[in-house]
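Mind looking over this structure? Questions follow.
Chain IDs A, B and C follow the sequence of writing; residue 1 opens each chain.
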Amino acid sequence: MSSLDSQSPNMRSASSHKGLHALLAGLSGVDQVGAEARAAALGTRSIKKESKVWAIDTAISMVDLTTLEGADTVGKVTAMCSKALHPDPTNPSTPSVAAVCVYGDLVPAAREVVGDRIHVAAVATAFPSGRASLGVKLLDTREAVAAGADEIDMVIDRGAFLAGNFGKVFEEIVAIKEACGDAHLKVILETGELKTLDNVRKASWLAMKAGADFIKTSTGKVAPAATLPVTLVMLEAVRDYYTQTNVRIGVKAAGGIKTSKDAIKYLVVVNETVGDAWLTPDLFRFGASTLLNDLLQQRQKMLSGHYSGPDYVTID
Amino acid sequence: MIGNDRVEVRKTHKLFVGGAFPRSESGRTYEATNSQGEFLANVAKASRKDARDAVLAARTGFNSWSKATAYNRGQVLYRIAEVMEGRKDQFISDIQDAEAVSAKKATHQTDQAIDRVLWYAGWADKYAQVLGNTNPVSGPFFNFSIPEPTGVVAAVAPADSSLLGLISVIAPIITSGNSVIVIASTASPIPAITLSECLATSDVIAGNINILTGDPAEIMPSLASHGDVNALDLTGITDPELQKALQIEAAGTVKRVRSAPVNPDWQATPSLSRLRAFTEVKTVWHPLGM
Amino acid sequence: MTFQYAPAPESTAIVNINSSNDLFINGEFTPGHGNPFKTINPATEEVLAEIAHANEEDVNAAVMAARKAYDKTWSKMSGRDRGKYLFRIARLIQERSRELAVLETLDNGKPIRESRDVDVPIAAAHFFYHAGWADKLEFAGYGDNPRPLGVVAQVIPWNFPLLMLAWKIAPALATGNTVVLKPAETTSLTALLFAEICQQADLPPGVVNIITGAGETGRMLVAHPDVNKVAFTGSTAVGQAIQRQIAGTHKRLTLELGGKAANIVFDDAPIDQAVEGIVNGIFFNQGHVCCAGSRLLLQESIAEQTIDSLKRRLVTLRLGDPLDKNTDIGAINSREQLDRIIDLTKSGEDEGAQRWSPDCVIPQKGFWFAPTVFTNVTQAHRIAREEIFGPVLSVLTFRTPDEAIEKANNTPYGLSAGIWTEKGSRILAMANKVRAGVVWANTFNRFDPTSPFGGYKESGFGREGGVQGLGAYLTSEETS
C-alpha cells in the first residue's frame, strides 16, 4: 500500500484511488447487532472505589473543553480557558484538561489565557458542515495554525464519502495535514451522518491512511454524536491499523457524553479494546462541555463521601 | 356516601391525546348523562382539529411502538390490566352510571374487560407465530411471511358497551403493533375517560392510544380522508348511511376498512380476526446457495 | 495494567438461606425422609445449606399430590385462570429477581452478571410467554380442544438451575398439567425459593411439587407408575437410561441432552463480532452449556489471524469471585465436573493438540478452570468428539463450505451450530444442511421463550419454547 503514503495531491496517480477503494472494500464487515451487544456488555462493567477515582481523574485529563457557538466571544472563551486550567478552584489537586477547543478566530484569545500549559485545538475546514472549496478549507486551517492552534479538528466531506468518492475525501485530508505543519490533526468522521458501522470502519481506515493523528466521532452538531458502538468500531480500526503499521492513532469521542458514568464506560471500552497504551490524553480524548462539571461533582463526592450539587462547581 | 357531609372534588373530563389530557381546541363540551337523563359531567367535544392533532400524536407513537419488541408490548398491555384491576371500583361505578345495569352486571363487565386486556397481552408475542409462516416455494429460496402493523388506525367504539366493547376494539389494534385514535361511545363516555387515566399511568407510549369524546359523525369523515391514517375500524357506527359515506371517503387513500359487526357478542372469546385486521403481510424471498 | 477494576461485589444481604431445608409437596414445605445432604458454594467450598433428600415415600407423596391437584383443581380450571397464576409467578420472579440472581450465583458458581442479566430475566420471560398460551391453546395448531397429559415428572441439570426450571414448569402448567420437579443435587436453592414464590402466588397446592435429591430420587420419580410424562435435561448417558427405563410404558418423553456444536467461521465473517461469538459460544457460563460452540471450525485461510485475535480477546476475560459484577468466568460447579474437564483436556495434550490459556489468577479455594483453547485439533481427537462441558475450545479448520458441513455433522450430537458469514445465501444454505435443532447465524447463545429449542440425534428429541414446545405437554390423536 505504499502508493497511499502521504504525498501532495499533485503527485496522486489514478491507480492510488483504486488501491484505496480495494482496501476499503476488503475490510471486514461489522455486524450491527453484535457490535452494539459488545458495547452494551462493556457498559455493564462496575467501576467503583479507587478505580473510579482513577477513571474520573483520567477522564478529566482527557477532556477537550469545548465551546463552538455562533455567539462565542473573547469573554466566553477566556472564562472557559481559565476553567480548563483550574477546573475546580476548591480542589487544586484536580488535573487540568487536555485542551480547549474553539473556532479558529478565537484561538488568540485562548492562547492568551492558557499559554503553553495545555493544547489549543481549533475546528477548521468549514466546520461543521464541511461544505466549501478546498481553498477555503486550507485557508481556514492555515489561519488557525498561524493564530496559535497546535491541534486542528477538521471535518471530512461526508457528501463525497457517501457518494463513494473516497479519493476526494482522502486527498482533502492529505492536503489539510500538510497545511497543519507541526499541528496535530484530528479528523472528524461525523458518524451520525455516516449512519452504518461499516461506513464508520471504512472512514476510519481512510482517515488513518491519509495521515490523521486522531480520528474523531462527531462535530457535536448532529445527533447522534458519539456512541459506544461507534467508538468501539473506531477503536477496533485503530487497533488493527497498529497491528499492520506499528503506528498508534488516537480516538476522540465528541458530543453527547454528559455524565461521568458515560465517560467511564468509554474508558472501559478503550481499556478492553486497545489496552493500556491508549489510556492517555495523547491517544484518547473526550470532546465535551457539560461533562466536565459532572466529572468534578463526582470527584468531589469520591473525596467527601456525599453527593455534590451544581452550586459547588463553576459555570465557565 | 351515607352520613358523609364532605363536598366532593369534581373532575373535568378531557380528551386523551399524545399521553396528555387537553381540552378540545374548539372549547366545546357536551353533557354526559346517566340512563335517567341526569347530569353526570361536561365532557370535551372533540373537533376535526383535535382529530388531526391525534393523528400526529398517533403517528409519533406508532414510530416508537412499532420498534418495541413483542415482549415489551405484552408487558405494557399486562401493565394496563394491572392498573385497571386497581381501578375496578371506579369502572363499576362508571358503568352503572353509563348503562342501566346492576352492580353485578357492571362488575362482570369490568372483570371481562380486564381479562380481555390480559388475553390480548398474551397474544403480543404469539400472533406472529400463528399468522406468519414460512412458505415452501418451489426453488432454492427461503421464503417467509410475517404480519406487520399497518400503522395508524381510526376506530369508533361501540355505542352500547362502554368498557368491554371499547377494550375489545382498542386492545387488538395495539397488540398487533398499531396506534389508535378511538372515538368513545357518545352516550357513555365516562368509562373511556377512566380508561385513559389508566393508560396514562401504564407505560403506554405517548400517542400510541388516543381517546376522543364527541360525535363520530362529525369527526370520522376527516379521519376517513386523512392521508396519514392507514385503516378504519367502524365497529361503533350504527348508521348504515354514515358507514357507507365513510367507506367512500376511505377509498380516496385506499384505506383498509373494517365494517361494523352485526350484533356483536362482546362477551364471547374473540377470534383472531381483529388481530389480523390491522396487519400487512410481508413476504420475503432469499436464495439458498453456498 | 493501568486501569484496574476494584472489586465490585454484589451484596448477599438480600438472600436468606435456611440452614436446613425441606421438600415442597402439596403447597407446603415438609421434611424429607432420606438422609439430607449438603450443598456448597463452588467458589469457596463453603457449605451453604443442608438439603432434604426425597426417598421413595416422599416421591410417592409428591406424585400423589400432583395427581390430586390435577384431578380436583387444575384440570378443571379455565385456561384463563391458569394463565393468571402464571402471570403472578412471572411478576414475582421479576420482583424477587435480585434475590434469585444472588442465590443462583452462590449455589451454582456462575457470575452474578449472568444470573442477573440472563438466567433470571429469561426465566421470568418464559412464565410470561406461557401464561399467555394457557387460554389460547385452540389456536396453537393442536386441534380445537387439546388436553393436558396429567402429572409430569421433570428432572433438570445444574448448569442453569432456575432457567431450566422455568423451561419445564411454565409450559407444563400453561397446558394444564401438574408437576413434580427434581432439581440437580448441587443446585437446589433457587428451586426452593421458587416454591416460596408459588406460595406467594397462591398457586393451588400440589400443582407444583419440588423434591430435592440425587440420581436415585430422579430414577424413582421417572419410574413412578402414576406419571404420564417425563421431561429430562441432562447428560446423554442418563437420557438413554431414562429412555430405556420407560420403554413399555405409555409415558411420553422429551429429552434435551448433550452437544458438541460446531461454530463455523468463514473468511467473510464480520470478524470482530465473530470473535465475540466464539468467546460467548464456549466461555459463557464457563462452558457448562449443552449448546456450547465447543468446536470452532475456522476457514483455513483466516485461521491464524483469527486465532491471534481470539487470544488477544481472551486476555481481557476476568476469572474470579462470581459475586463480583466484573467477573466473566465463574467457578466450575463441582469437584466431579472439574475432574472431568481436567481429564479430557489432558487427553487433548496427550493426543497432540496445542493448548493455550491466558494468564489467570486462580483463587485458592473453590473449583476453577482457566479458559483454554486447543489448536491443531482434528476430528479424531477426544476433545473434538466428547462433550467436555467446560471452558475448553477445540479449533479445527476447513477449506470449503461443503467440508464445513461434513465436519459439523460428523458427530452423534446435533443440538446447535453457529454460522459466521456476511453472505445471506450461504447462511441459509448452511442452515439448511446442518443437522442441528438450533442454528445461530452471526450470533450465538440466544434464547427466547418464543423460539423452540432442542436437538437432533443423540442431543435428544422434543422442543422447548415456542408453539412447537407446547406439543410435548398435550394429548395427540394417536397416543392418549
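One rule holds for everything that comes next: contacts are C-beta pairs under 8 Å (C-beta built on N, C-alpha and C of every residue); 3 or more make two chains touch, one makes a residue touch a chain.
Just so it is clear, the model here is predicted, and its values are computed rather than measured.
With respect to chain B, maximal separation of chain centres occurs for A (centres as means of Cα atoms). With centres computed from Cα atoms alone, the innermost chain of the structure is C.
Between the Cα centres of chain A and chain B there is a gap of 49 Å. Between chain A and chain C the centroid-to-centroid distance comes to 44 Å (mean Cα coordinates, whole Å).
Measuring from the averaged C-alpha position of chain B to that of chain C gives a distance of 41 Å. Shared interface positions of chain B, i.e. residues touching 2 or more other chains, are not present. Touching two or more other chains at once is no residue of chain C.
Contacts with at least two other chains are made by no residue of chain A. Interface of chain C with chain B (complex): residues 80, 83-84, 87, 125, 128-129, 131-136, 139-141, 401-402, 424-426, 428-430, 432, 449-450, 466-467.
Interface residues of chain A, counted against chain C in their complex, comprise 28-31, 33-35, 37-38, 44-52, 54-55, 58, 233, 236, 267-268, 271-272, 276, 279. Interface residues of chain C facing chain A in the complex, by the touch rule stated above, are 1-8, 113, 117, 268-273, 276-277, 316, 325-326, 422, 442-443. The touching residues of chain B, when paired with chain C in their complex, are 70-71, 74-75, 78, 115, 118-119, 121-126, 129-130, 140, 142, 269, 272, 286-290.
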